[in-house]
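First up is the structure itself, then whatever we jot down about it.
First chain written, first letter: the chains are A, B, C and D, and each begins at residue 1.
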Amino acid sequence: MSVITVNEAIAQALAEEMRRDARVLMFGEGVATKRPELLAEFGEARVRNTPLAEAIIAGTAVGAAATGLRPVVDLLFAPFLCYAMDALVNSAGKLRYLSGGQFDFPLVAIAMSGSGWGVGAQHNHNVEAWFAHSPGLKVVMPSSAADFKGLLKSAIRDDNPVLFFVDIGLLYHSGEVPDDEALVPIGEAAVLRRGQDATLVSYAKTVPVCLQAAEALAASGISAEVIDLRTIKPLDAATVLASARRTGRVVVVHEASASCGVGAELAALVAEHAFDSLKAPVQRLTGPDVPAPASFALEQAYVPRPEEVVAAVRRVANPQCSAA
Amino acid sequence: MSVITVNEAIAQALAEEMRRDARVLMFGEGVATKRPELLAEFGEARVRNTPLAEAIIAGTAVGAAATGLRPVVDLLFAPFLCYAMDALVNSAGKLRYLSGGQFDFPLVAIAMSGSGWGVGAQHNHNVEAWFAHSPGLKVVMPSSAADFKGLLKSAIRDDNPVLFFVDIGLLYHSGEVPDDEALVPIGEAAVLRRGQDATLVSYAKTVPVCLQAAEALAASGISAEVIDLRTIKPLDAATVLASARRTGRVVVVHEASASCGVGAELAALVAEHAFDSLKAPVQRLTGPDVPAPASFALEQAYVPRPEEVVAAVRRVANPQCSAA
Amino acid sequence: MSEYPSLDRPEALLEAMLLIRAYELRLAEHSARSGTPGSCTAVGQEAAAVGVVSALERDDLILTNHRSAGHLLARGADPGRMMAEVMGRSHGYCKGKSGSLHISVRELGVVLTSTIVGGELSLATGVALSQTMLGRPGIVACFFGDGAAGEGIFHESLNLAAVWKLPILFVCENNQWQAFVHRRETMLGEHVATRAAAYGMPGVTVDGNDVDAVRAATLAATAAIRDGGGPYLLETSTYRLRGHGEPDDQAYVDRTELTAWQQRDPIALAKARLRAEQGFTFGDFARLDARIAARIDAAFAFAQASPWPDASELLTDVYA
Amino acid sequence: MSEYPSLDRPEALLEAMLLIRAYELRLAEHSARSGTPGSCTAVGQEAAAVGVVSALERDDLILTNHRSAGHLLARGADPGRMMAEVMGRSHGYCKGKSGSLHISVRELGVVLTSTIVGGELSLATGVALSQTMLGRPGIVACFFGDGAAGEGIFHESLNLAAVWKLPILFVCENNQWQAFVHRRETMLGEHVATRAAAYGMPGVTVDGNDVDAVRAATLAATAAIRDGGGPYLLETSTYRLRGHGEPDDQAYVDRTELTAWQQRDPIALAKARLRAEQGFTFGDFARLDARIAARIDAAFAFAQASPWPDASELLTDVYA
């Protein structure tokens, strides 16, 4: 075990996978400038700067993936994915199917998002749900250094296109990371805290928020289970449903807006498959459906806070809410 | 009242609004060629063909909308929106907010989607949920000729950016359209059929599917209410919840895939706000999470069928499912 | 592994063009008769397709678009499996999942066909990068239209290819139409090849209705690319004689322009040259036509006999 | 309605450049001291901004990007309200919602600033279309970088502007950097203006560090546009003397290149010319510097005193 930041975890995963597999290469705007250690170890062919052109960065990754390479592209901030949608959604997600299975697309597209840097809505828009709503893609969004490392490694080894979202607010969080291989499988949620009275389901920066809330709730005698999805597509419904059936009370928390978000999918799954165990309405606590503001004061108000999570759990834990 | 096709309803709405307001103009790939009647009446300045370049078609609409015009752009098939995402999502949806309210974006972006033409996933991908998950936008997707006409007119008069989705499968459906103004407000769902035992919520091509199912169910003594959302954002939660509270059983039906789709949002709203009235799990019946195939045989299997809706309602109408 | 036709003799070039023409007309007729969705034909553009493909080598890879029948057939694709694909049948090259718009045939090196205009341009750079980094022989030929040259991805793709010196032959089939919009309405100037200079790339326009000229221009271009000269833009100037898709009444088409191009039909030009220079007779042509008609009849019968894919196929081939 | 500075006299041009320099250095110093997110400065590019904006007329509209302080200040924006915006305060031009990256000031005709690289290019055509169709006087000036010229939207925007003959001055500020990537790594050739030919548009490169040259080139370009000549691409060749954003150690910057450009500092050049040609003395410059320092101090104080927006502002200005 060693304690490193999320940023270091990402760097380690990239270096280890490039060392392991010569087909892995990485490119994007400033990749070679910002990752001199990778450039030094793997050379200019495998670590490349690109022109400022997200559509061709993504398209090049898709074309390369289909023909034998395993590209990782850094697309910087999630809103810039708007320029790369055709390659990711129409090509990477669909051409395997439309070709009758003739091609695989082993690629990873990395993008940052989330509040914390006061950069506003054109740099901060949590769009992971878009890709969960698109066929043929996988979507990962970890919360801890160990998961960033283990999931990025798994994403690079996966034979499918993986969107790897980095919550800016977590980049400099530190955490323990195993010194061995430390792969984390795509598609498995993690139960970070056991509890009986309510289930908190979250991912990315709101996971620590939920853990704080659970701590506070414990103090007042409410035991909340905390689930970190880690992967958004494929979603680990089994883990969420098992917990929901035990606690009967579910609160979903994320920074992305509610409408057609990951929380909507989770609430729908619970309402359909754990209905008979539910003792209270499924609650969603999410960022507001507004563009992310730059002002520090407003950006702070954008992200769900521990007190709000506590309040949401109290609402559902209150017997009056019980349907029984 | 006169009976016209959806296609004619769209043409009438465009002509009437261009007649009414000189600031309304329309452009896109082949718009002037495919709408000679508009070209003849309103001239080359207001009815334009464009180069094959969705990003600048959408961007031009956004820039024009902010500075005094009221553009309508035809972006053809929904997957082509992948080239226009920056203008629609990052500019039209966010620059009003980021500028502190200095600009309005009265524009309409029309796109077709859905099964029926056997054109495959690069022409057929129901992405309305993407825009429901993006701030500052409105999303409309009607099912009847009257609503196509009335909602397109309202969309053109709206001071906000509106995504107007046309389900290909409905283009040549006919329906009665009022001869007067016939505006249909954005944001209001329509209860197409009253019922007590279950609520079917849908939009676009699966609305007729639900109506057929309701007919079949009536024959076997189950009375199903059928709600056509018509607008996807802002969602008319009040109408859906009122019905859910009355019937206690909800089945959501649409062609788009389930994961983070409109059905997920509806199920989540019902599970949160009508929980105490629910007698059975909220069911979702949607298209599969796969790219749309071209083969007629497979495309047929892609869209929810009336029998499936009937079966879903029977599942929830069955007393064993009741939580009471 | 299908075998590649050797298109080095003039009559072989003609036969390939005749096969494409017959194939597309048969499908057009079929969709007119059956009312089934019709494909996008390239009638009048056969020389542009055959001239380029005939100059490619076995190891070369091809990316194409929605108007791809000529490229595929010239490369040796089986018209029967292509028709089956267009009809959505299980023996199609893509199991019927593609239909006519995105047919790729990996075993022939026809990879990643996209019907998103410009999609092939976004993918070609990555395919070429694989060729280079994995030390494979073979360059990449990327077919796209004059309309695609208006998409932003054209700019990004050509620029990246130039900066990274990727072995790509960009083939712009300028057929003067972009669905229902004439090329003239979408750009100033007549040619796309002139845009190559902006990227420091050679750009050449060739008469796309002269199969020998196209073949010669392609050989010159590919030689330059194989010599490590980096990417090259070749524009074949031609004309779409039929509508955008089937059926299409072409009411929007200027008759004078259409007639002028009809008089430059690439197949008629090739036949005239074979008569003048190789002493071909009408009898020779008749035999050729008969042989092709038989192939197309057999192909059509094969496609019609091919079963629909099983409904279970709806859910396969999504993830690796 | 703010009033526009009249930038027709040489000393006015210098004063505008000095104001921009002082404004940006003050904010850089502030973010270094306070650790708050820093903005993107254009130190070394003041002549490119002032030369262009000084040549625009009152009715003209401006679109700009993330590196916009020079354009805004030259247009007459209040440095106090700008600093307040950068600091996310309620008296900022956008109520603090924009921060430094997308400041627009409608009353000054600075519309639709986008920090999506190329975003301003996607919007400029529509703004120009409004000017034309609504019969308004005034052309559109669209500022973007050499990096933005690599985005597909550059191609689509210039082409549409050319085909529709829109009154747009495309101003490419070629500062040799694209965040952490040197322009050299992203294109063959040195200049963006040469790409204009592909669209049948005039394209001119001017020394972006010579404010008089930039102003003269802009007047020539805008005259052509106002005469109905359609769009025009003007490239100001300059250099980003500081990092991409604050703070930035510029470890990746070639020292020789940096020093060479530092020796061509546009402000030093302007001062030298004023001394040589207009008899300005160091005393004159000192008075100018003092006046500007006072303005910046006042602006900074104003911004710091401006209250944070109320939390309720989070939910306003979303829909009209």
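To be clear about the criterion, a residue touches a chain if its C-beta (ideal position, glycine included) is under 8 Å from a C-beta of that chain, and two chains touch if they have at least 3 such contacts.
What you are looking at is a predicted structure, and each value in this text was computed from that prediction instead of being measured.
J.: More contacting C-beta pairs: A-C or A-D?
T.: Pair with more contacting C-beta pairs, A-D versus A-C: A-C.
J.: Between chain A and chain B, what distance separates the C-alpha centroids? Give it in angstrom.
T.: Taking the average C-alpha coordinate of chain A and of chain B, the gap between them is 29 Å.
J.: What's the distance between the Cα centroids of chain C and chain D, rounded to whole Å?
T.: 46
J.: How many angstrom lie between the centres of chain A and chain D, each centre taken as the mean Cα position?
T.: Once rounded, the distance between the two centres reads 36 Å.
J.: Suppose each chain is reduced to the average of its Cα coordinates; what separation in Å results between chain A and chain C?
T.: 41
J.: Can you pull out the residues of chain C that are in contact with at least two other chains?
T.: 92, 95-98, 102, 114, 116, 118-119, 150-153, 156, 159, 163, 185-187, 318 - these are the residues of chain C that touch more than one other chain.
J.: Could you pull out the residues of chain B that touch at least 2 other chains?
T.: 50-51, 53, 55-56, 79, 82-83, 86, 90, 97-98, 120, 122, 135-136, 289-291, 293-294
J.: Among line, ring, star, complete and other, which one matches the pattern of chain touches?
T.: Here the contact pattern is complete, since every chain touches every other one.
J.: Which chain A residues qualify as touching chain B in the complex?
T.: Touching chain B from chain A are residues 79, 81-83, 85-86, 89-90, 93-94, 97-98, 120-122, 125, 127, 129-130, 132-136, 233, 235, 256-265, 267-268, 270-273, 275-276, 278, 280-284, 289-291, 293-294, 323.
J.: Which residues of chain C touch chain A in the complex?
T.: 61, 63, 92-98, 102, 104, 106, 111-114, 116, 118-119, 121-131, 133-134, 152-153, 156-157, 159-160, 163, 316-320
J.: Considering the complex alone, what residue numbers of chain B touch chain D?
T.: Answer in residue numbers: 23, 25, 45-46, 50-51, 53, 55-56, 58-69, 71, 86-87, 90-91, 95-106, 135-136, 159-160.
J.: So in the complex, which bits of chain C are touching chain D?
T.: 150-156, 159, 162-163, 185-189, 194-195, 197-200
J.: Applying the document's contact rule, which stretches of chain D touch chain A when the two form their complex?
T.: My answer: residues 36-37, 88-89, 95-102, 114-119, 147-148, 150-152, 178-181, 185-187, 252, 308-309, 311, 313-315, 318.
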